[in-house]
Amino acid sequence: MTRARSIGMGIVHLWPIALLLLSWDAWVVLNGYTSTVAPRPWFVIADVFTGFADYVPSILYTLGMALGGLVGGTLIGFVGAVLVWWSAALSGVVTPAALIIRSVPITALIPIIARIVGYGDPAVLASTMLICFFPAFVFTLSGLAAIPEAGRDLFTVLGANKLQVLSRLGVLYALPNLMVSVRITAPSAVLAAMLAEFLMGTSGLGALFSQARSYMDMERSWGTALVATVVSVLVFVGAQLMERRVESRLT
Amino acid sequence: MNTPTRTSVKVAYSLAGGALLILAAQLIGQFGLAGRAWPPVMDVVSYVTTPAGASLLWRNTLVTFSSAAQGFLLGAVIAVLGAALALVVPIIRPGMDRFAAILHAVPTIALAPLLITTVGREDAPAVIAALSVGFVMFVTMASGFANTSSAHQDLFTVIGANRTRRLARLELPRAVPAFFDGLTLSAPAAILGATIGEWFGAPMGLGLVIVSAMQNYQMALLWAAAMAATIMSLLAYLVFIQLQRVAMRRFT
Amino acid sequence: MSSTATLTPMETKPAEHATRTAVSVNRADKIFTLSRGKKLQALAEVDLEVREGEFVAIIGPSGCGKSTVLRLAAGLDRPTNGTVEIFGAAPHELATQHRLGVAFQEHALLPWASVRSNIALPYKVAGRKVDDARVDGLIELVGLKGFEKARPKQLSGGMRQRVSIARALALSPDLLLLDEPFGALDAVTRRRMNAELARIWGEEKITTILVTHDVDEALILADRVVVMTGRPGRVRTIKNVDFPRPRDAATTRSPEFHELVDELTSLLDANDGDAA
């Protein structure tokens, strides 16, 4: 009974993925593609499992860059938002800068960063940080703006200074929002890391992908895509769990 | 009395800030503080004003714009239809939510080989743009459809509305602000998606120009192309945020 | 008070009865299942009969389940035990035939639609041609002439409730359900709205159930007042209200009126004592 039910729940939740795998396979078989054009899903999955040791260093590198950028960019965004909240004049500089940074496609940003910082780890890290910066900035700012008047009045009556309002009220309102931003940007951080790695071709999943492509190793290249997707989904799920934890703690 | 002065002060601060930023960028370039890769802003501007530079940028911007716009339309239409379908047929909803979340987490670069084999190099930018847009739109529309108030739902039940009329007269108009929210969020995603697609061997487009300028160390061209992509994205954002404000006023 | 008259085209009047039963609630229980399997009994063995053309008010302390009775009658909820019949059929059938009018405490107006299109909504949902003369008549009836093109957010709370009542009346329903329609209004506006509702009801004579916690409001409007007790909700007593209509200021100032107000208020207070 419970088993049948859990299978039923599985179907309800996972039918699009099953459909996707089956139509992928059918598409390859029906078109008669050879493995240099498009591999069948089962071979790709097999390559990931048998050659997993080859993937591990790249996975760790990309994961490290994405997480490092996520933490760094979020912190910078948080600090920027607090500064803007603090001073109207500063908001004059930071707001247009943030608007521009929001609009720059990472594809345009990464080549410039790569040229300025030079090929290598700092360029990858700088790219992921810039991607995570803006959402953290905006979400923190809207959290700080959501401090209710009553709470602020209470602190004024108590004679609190701005720093106390920030540390006792602002953080409380900004932190849940900041976690939303982490959840939203987590997959983008993985994407940014991979794009930077792909372009510079030094290390990481993006570089592995680029190499596999140039050697026409389709199973490896599609396998990298698959692994990257799983990594990205896991980072997203992790961020989601963290967000729920913070939320249940603060509300 | 108070608000207009405050907004005008804010605008003044922002304009001054913007000017300050441009000046800073110019100075960093002029004194070579960030190396050869950061040219003075005036160099980039003078490159853009040369006939060759202008025409190169303009042609490639148009290509990227048209891919992004096609993808934007395609993604938005499919996402809205999908969200409406999930609303009318609730049993498929959990699966579609899960799928949309996974689709969102897929690094778009990973889709490139698949798309180049399926749709070809020319159309890959538009399709990647459509996928990026589609996820954002699906999620915002699904939550827009979900947040109809229970009082309104009760009202439509007691006046005996059938499924189509409930959709047409309550759920669709109610989701209009969410629709424009989604468009605002996904406009930059469309341009990003299009340029990622162009990295994989499209014959033209800003993404291609950016990569080749980087590899050939043409810094003025690299910056000019990056600025063109940014301005396009910024304009799209500003247009949609205005539309979204109008929709908010009209539909709430 | 009874008039089986010509309100509805669908009605076929049985010759032997002067009045039909419009609403009949028989030994209805309502138990809500909360999270973690906890249960909350909202209603216990509620019996209620409403004759056609009658105006019945249900009063009781907040949380006594009076709105639940209304939701059962509207077909928005089903009783856990017992039965609810409207004109001898299941409640939701009245809704699917577009013969039901409801005004909620939350006015539930469509924010994007004008006053006029909000009132015309039931026609559009029923797939009927909008009867412009009827809509104009209703706008006039609820005193909103000149505001046809206004949107809900441009109106005051009292005006919004009037639109909501006009919308409930649009298709000349066989049954009108009012769930604290004036609950969110200030006392002065509320009395004015009571008087207007009495006038409108005098013209339309639709079978009506009004849920309220305001004893005066119930006595100004109703033929009978049902007093409910709380947790779980039960019918404590039913009072006939025989004041002549229209019930103007002279009625509400009369000693009989005050006596009845005091009696019902003390019943409500006693209920609170029982519940505690």
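Each chain gets a letter, A, B and C, in the order it is written, and its residues are counted from 1.
Definition applied: contacts are C-beta pairs under 8 Å (C-beta built on N, C-alpha and C of every residue); 3 or more make two chains touch, one makes a residue touch a chain.
Just so you know, these numbers come straight off a predicted model, no measurement behind them.
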Checklist outcome for this item: Co-neighbours of chain B and chain C resolve to none
Next on the checklist: Using only Cα atoms to place each chain's centre, name the chain farthest from chain C.
Outcome noted: A
Next on the checklist: Taking the mean of the CA coordinates per chain, how far is chain B from chain C in Å?
Outcome noted: 49
Next on the checklist: How many angstrom lie between the centres of chain A and chain B, each centre taken as the mean Cα position?
Outcome noted: 17
Checklist entry - Between chain A and chain C, what is the separation of their C-alpha centroids in Å? => result 53
Checklist entry - For chain B, which residues are in contact with chain A within the complex? => result 9-10, 12-18, 20-21, 34-35, 37-38, 91-92, 94-96, 98-99, 101-102, 104-111, 113-114, 117-118, 188, 191-192, 195-196, 199, 206-207, 210-211, 213-214, 217, 219, 222-223, 225-226, 229-231, 233-234, 237
Item to check | chain B contact footprint on chain C (complex, rising order) | outcome: 74-76, 92, 95-98, 100-102, 104, 106, 108, 110-112, 121-122, 124-127, 153, 171, 177
Item to check | Touching residues on chain B, where the partner in the complex is chain C | outcome: 149, 151-152, 154-161, 165, 169-170, 173, 176, 250-252
Checklist outcome for this item: In their shared complex, chain B is touched by residues of chain A numbered 12-17, 27, 33, 37-38, 88-89, 91-97, 99-100, 102-109, 111-112, 114-116, 187, 190-191, 194-195, 198-199, 206, 209, 213, 218, 221-222, 224-226, 228-229, 232-233, 235-236
